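A, B, C and D are the chain letters, set down in written order, and residue numbers restart from 1 in every chain.
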Amino acid sequence: MPQLTMTDMYKAYGATVALKSGQIALHPGELHVIMGANGSGKSTLCKILAGSVKPDGGRIELNGKEITISGPKAARDLGVSIFYQELSLSKNRSVAENILARDLPCRAGFVDRKAVLARAEKVFAPFRDVAGDDFDLKTRVGDLRPDQRQLVEIAKTFAGGARIFIFDEPTSALDRAQTEAFFRELDRRKAEGASIVFISHRMEEVFEIGDRVTVIRDGETVSSAPLAETTRDRIVAEMVGGETGASVFADPPAAPVPGPEKLRVQGLTSRRLRDVSFTLHAGEVLGLGGLHGQGQSDLLRALFGLEPLDGTLTLDGAPITLPSPRRAIRQGFGYISGDRQSDGAISGRSIFENVVPIHLFKTRAFFVNHATLSAEVDRVLAILATRHGGRMAPISSLSGGNQQKVIISRWLMDETGVLLLDDPTKGIDLATKLELFALIRSLADKGMAILLYSSEDAELLANSDRILVFNNGAVVQELQGNDRTRTQLTRAAFEAA
Amino acid sequence: MSMATFRPILIAGGLVVALMIAGELVSPGFASPEQILRLSIVAALLGIVAAGQNLVILGGREGIDLSVGGVISLSALVAGNVMNGLDAGLLPAILACVAVGAIFGLLNGLGVTLLRIPPLVMTLGMLGVLQGLLVVARNGIPSGRAAPMLSDFVSQPQWLGLPGILWLWALIGLAMAGLLGRTVFGQRIFAIGANEPAARLAGVPTRLTRTMLYVLSGVFSAIAGLCILGYSGSSFANVGGQYMLSSIIAVVLGGTPLSGGRGGYTGTMIGALLLVVLQGLLTTLSIEESGRQIIFGSALIVLLLFYGRSSGMRV
Amino acid sequence: EEFTIGLSNGWVGSEWRTQMIAEAEEAAKAWADKGVTVTTKVQSANVDVPGQIAHVRNFISQGVDAIIINPNSPTAFDPVFAEAADAGILVIATDAEVSSPDAIYVGIDQKGWAEMSARWLAETLDGKGTVVAINGVAGHPANEMRVAGYQEVFGEFPGIEIVNEVNGNWDQAQGQQAMQNILATYPDIDGVWVQDGMAAGAWRAMQDAGRDDIYATGEIRKDFIDIWSENSLKSGASVNPPGVMASALNVAVNMLMGKELKEPATAGVYGNAMYLPIPFISDENLGEASAALEGQPGYTSYTSSLSIDDATALFD
Amino acid sequence: MTLPSLLRKMPPFMPVLIILICMFALNGLAEPNSLSPYALKGLISTYLALMFLSVGQTIVIFAADIDLSVGAILGLVNVTLVSMMQVLGGEPAGIFAAMAIALAVGAGCGLLNGILVVVLRLQAIVATFGTSVLFLGLALWIMPVAGTPAPRLFWRTFGGRIAGIPFAYFVLAGLLVLIVLLSRSRFVPRLLTVGDDQLAAYQTGLPVQSIRVRGYVACGIFAALAGFCITGDTASGDPNVGGLITLNSVAAAVLGGAALSGGVGTLFGSVLGSLVIGLVGSLVFFLGTPSEWQNLVQGLTVLAALMVGILFGGKARA
């Protein structure tokens, strides 16, 4: 008998129906994967179970008895613990306090600081070795790297013993070793009889760890089957509803005919970077690889004027400086980060207002001419097949993937010479990824020079013409041609480490 | 304009009308055309201050300007001295006022952007400085008088039976609507109010934009100071004192939440009117002051229940 | 002889207060002619009651001989004045009476001040008509004394009816707005009893509305007196001269010299007051007031104070 | 150890402590008597009210809220206490009963603020301004004019000595003990967690609403305690006594290292911040500033202190 079932779950946000008919049945000792395109309603289903979203309809049964979940606290009391896609951490509190936030150990009504540290230590133990040398339980969470934060959220989810664990894209910022440590812990919990819900857009992970997969499309559960009885292609077909596109995990592209040199970087040094040098040609997609947080993002941010840097930069043969993002934009740089919440979406404002700012800046416009801009906005939104309910709708009404498309669109209104992509597909579904990489390639073919960082090796391999492997802020190897293999990439990353 | 931005304006407008009717019932004469005109003048004074306050609040990052009262008082003093009762001095006085407002607005803006002092703290500190400056300035210079032209502009019917200040206010209303809806600068205000880091990556000069908001707030306060000088004839210490919190309330009653990134000025204009009508109505009631305060406080709370209540966490 | 006198002012929101301090400092200098060195220490800033208590404690720490204070509260200083008295310091309050038995009050009788102008208004109206009052800060003792004063006088005239009393918080603009609202809803009023700077505001509202048929009390700043004489307004104003602190200082120096008051200060609700005369400006002596203020900045108040000799004459 | 990491390690009240020490030193240089036992006792008893009030303010600021009605609550508590003591008599039993009632009034005001801001979700700045007008009206209704004296026993005790030690020091010690207890309890970390990221705290399963409401109630109680101190130091009732103190309480909290955006700060810092605010006025005077310049110098000093506090404190938490 399933431990928990959700039937006919329904949830609407105004006109948007986030979840039409969500079904799921969780069994003890089973790892249940939910897959679905961006905006298909996965997070909504999970949040309903975790009590932070109030369903408009449906039935939840725990051990055969119908229940209502009145809030996160109630869910917690029912034994449901969740890892939030957007994390639920307090930046100014220590790691230990965050891990135990639900229930700080107390003695005689006062917080027992020793017990806090001791218990947090115990909960975090499985991730200690992969968390990095600079990691400390007393550190402020705000001072941690994104991957470390995800580990803390994972530990927080495990802390305090629940029977049902939900993980909504827990690995999106983790590197391989961290992911493995996490999976070991999942296995242990499974063995103890916990039910686990797991959401990821990474197909390999899903097959590596899952027992059963439920696919959601447009808010409806379309299938649920043991993973042993299904295939990648079938899942993808179910997710996109029939037609399957090409795979993002294809072989590396053929070596391109290099265009003229676009950007030359020599001896670039910054807070996190050590003596980085390379050249980037027009029409080329240059990948940045290596373990997580080795300076790839820092390089991209530095090139966008977000971090002070030393070294010489040459663009189209002329030396340049990049003191601010605005200067970088003027020089023809564009930047897209996977961290939409803080770096991308101008939340609360319309799609229109999210697309036009770069254009307005570049044209030094004073007035916003809605009439002429609207056609342009619709054009660039159409390039990416962005699904939206009108360009004046707030961007927050879109799913993560569609928000990302809107943000990419802003760089397509005018010419962008060098596009800096900082893990741009983080938390984006397969179908959208495919579209996105096809677009990136077509942009390169039109002569754009592209620097691409991805936390997924397969993505990097499938889409980069060359790959610079980073370690501790420096480039340790450059992979070209037939060297661009998974083995080589992993070896280069780990050998230097 | 979407319904979400329009709703508060409708509510506030409805409440103004309701209060006027209630006023006319309780104390006949309250809704006479002359009285409506006079209340509108007082609302215009508040509304002009609230324009700057509105911009600063829209810009987000806890934007707020508590120093408006100080700027108003100082600019009224400066203007009074420059014109000293003479029409010929009007233009220099306007320029001097705008300069005063811009300078203190700039200081606020730099403190908030360069030093990253929270706006509430920065402008509160600036208010203290301005109050001190006023004492020093008043010791050194005479208080000065409004030019007759300025007084007429504020309180005498001029075009189509309306005094100039109402036309000015309408003009400011149009300018603000244009600024916020049709210009790149306006869009940038909303962008930094909604998500500053993202706006920065999208090419918005965040510091410059935010600094400009404080400068504009200073300038609007200074213009209001000039008009208040015209309204009261002569400048006196602490003329601007009452505008600090009432300008914020006018903005909120007009449907712009203090969290920024959302809202507009049309609502604020009605909010200013609403506040002035409420206060005027209370004045005409023949009751104890304690009763007036209790009613005013309760009425404010009830009015706030109509507006910008933040959304719950469980959606 | 040498004396150090601390002057404390807890509110700088009006020019009247600045003038008060300036005149007191002048008065101190004048003692040099008599061979007495009077040094003043001034604390003048916008403070709340605790802040002004700190003023007094700072003076005690400095070891002044006397403290003259324009107090922010009538009763809140009882304990700290007791501390001052324990330290052998003479405490004189001015402008607002205090309840402390350890202090005396030298200033005008706020109630009498209101009575004078109320009587002027009632008599000018021939004892009949409707009036409104625009008051200062509700709950402030000086305000409440003034309210008691005009209410008593108007009570003596059965024909006078007070139709509304509002608070303008001693703010000129608020006075103007209050008057404007009153004019709209009580178009038939005959008189307005209004205090201090708010009078200029009220008058402005009446002029804007073209209401020259209403009698209203006035105020004593040069700006207003000029308007009064230029437009031949029908007004009368009791004077609370900013010189009260100077008067208090002259009394204090005499007391510090060990002299005894001929008539001990026993007036007022607290039995510790010495009242100064209250000048009155009406149409009859308006010219004199104008002349006295000739050439001064517009915010200067019509003033008067006890000269050194006047003060000395009060002592044995 | 590098300077940034040193700044990071130091407690958030370090900048204000340094400012406070400088203030004391300057005061002492300008007027040696300002460090005398009498002056210190005076300083403490004058600013105890502000200390209590800013601790209460800090509690709500922790949760990213704000309370602009604390001054009005203080005034309401002051007049309630004095009126009740008059009604119930100046004997110990009457005094304690009156204090209990006044404390309940403070807590009730806090509860009302909490319900408006948290449950009805009004914006804190405007809603608490609205309640401040309401509370002032109530205070005026209870006591239309300032002046009712407090019983002798009450203010003599407050201003007196026990075993040769001024009573104010016992109150201060009580406040410090209260702060230590609060900071060690689960309450303060939970407020800070809520203030840090309210949605995250809610999703974590913390009872966010009840924590915030309790913050407002605690603030009301601290405002009531501040009202006791004011009553002890002024020995009378005055509905307008809370005039400027609200903004000072916010300034003291910020000086003490609390971030208005919530999630950061210490209660102890606010106590130090209150003392700095108190000392600025004295310092300006003792330095011999001419009277007409005193307001300006005071304003500039407070602004500078706020900036220094935020710039250095800000580095520690940036």
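Note that a contact is a pair of C-beta atoms (placed from the backbone, for glycine too) under 8 Å apart; a residue touches a chain by one contact, two chains touch by 3 or more.
Owing to the predicted nature of the structure, the values given are computational and were not obtained by experimental measurement.
A.B. asks: Can you name the chains that touch chain A as well as chain D?
C.D. replies: B
A.B. asks: With centres defined as the mean of C-alpha atoms, identify the chain lying farthest from chain D.
C.D. replies: Farthest by centroid: A.
A.B. asks: B-D or B-C: which has the larger count of contacting C-beta pairs?
C.D. replies: By number of C-beta pairs in contact, B-D is the larger.
A.B. asks: How many angstrom lie between the centres of chain B and chain D, each centre taken as the mean Cα position?
C.D. replies: 30
A.B. asks: Please work out the Cα centroid separation of chain C and chain D, and write it as a whole number of Å.
C.D. replies: 33
A.B. asks: With centres defined as the mean C-alpha position, give me the chain A-chain C separation in Å.
C.D. replies: From the centre of chain A to the centre of chain C is 71 Å.
A.B. asks: Find every residue in chain B that makes contact with two or more other chains and list them.
C.D. replies: Residues 131, 135, 139, 289-290, 292-293, 313-314 of chain B touch two or more partner chains.
A.B. asks: Note the residues in chain C that touch 2 or more other chains, in rising order.
C.D. replies: 12, 18, 46, 138-139
A.B. asks: If I count partner chains per residue in chain D, which residues reach a count of at least 2?
C.D. replies: In chain D, residues 139-140, 144, 199, 202, 292, 294-295, 298 touch at least two other chains, as defined above.
A.B. asks: Between which chains is there touch?
C.D. replies: A-B, A-D, B-C, B-D, C-D
A.B. asks: Which residues, counting only chain D, touch chain C once they are in their complex?
C.D. replies: 31, 33-34, 36, 38-39, 42-43, 46-47, 49-50, 139-140, 143-149, 155, 159, 230, 233-245, 248, 278, 281-282, 284-286, 290-292, 294-295, 298
A.B. asks: Can you list the chain D residues touching chain B in their complex?
C.D. replies: Checking each residue of chain D against chain B gives 116, 120-123, 125-127, 129-141, 144, 198-199, 202, 208, 247, 250-251, 254, 259-261, 292-300, 302-303, 306-307, 310-311, 314.
A.B. asks: What residues on chain B touch chain A, complex-wise?
C.D. replies: For chain B paired with chain A, touching residues are 2, 181-188, 190-191, 194-195, 197-205, 261-262, 313-315.
A.B. asks: How about chain C: which of its residues touch chain B in the complex?
C.D. replies: My answer: residues 12-15, 18, 46, 135, 138-139, 163-167, 171-174, 176-178, 180-182, 184-187, 197, 200-201, 204, 208-209, 223, 227, 297-299.
A.B. asks: Quick check on the complex: what are the chain C residues that touch chain D?
C.D. replies: 7, 9, 12, 18, 21, 41-51, 53-55, 57-58, 60-63, 73-80, 83, 99, 137-141, 144
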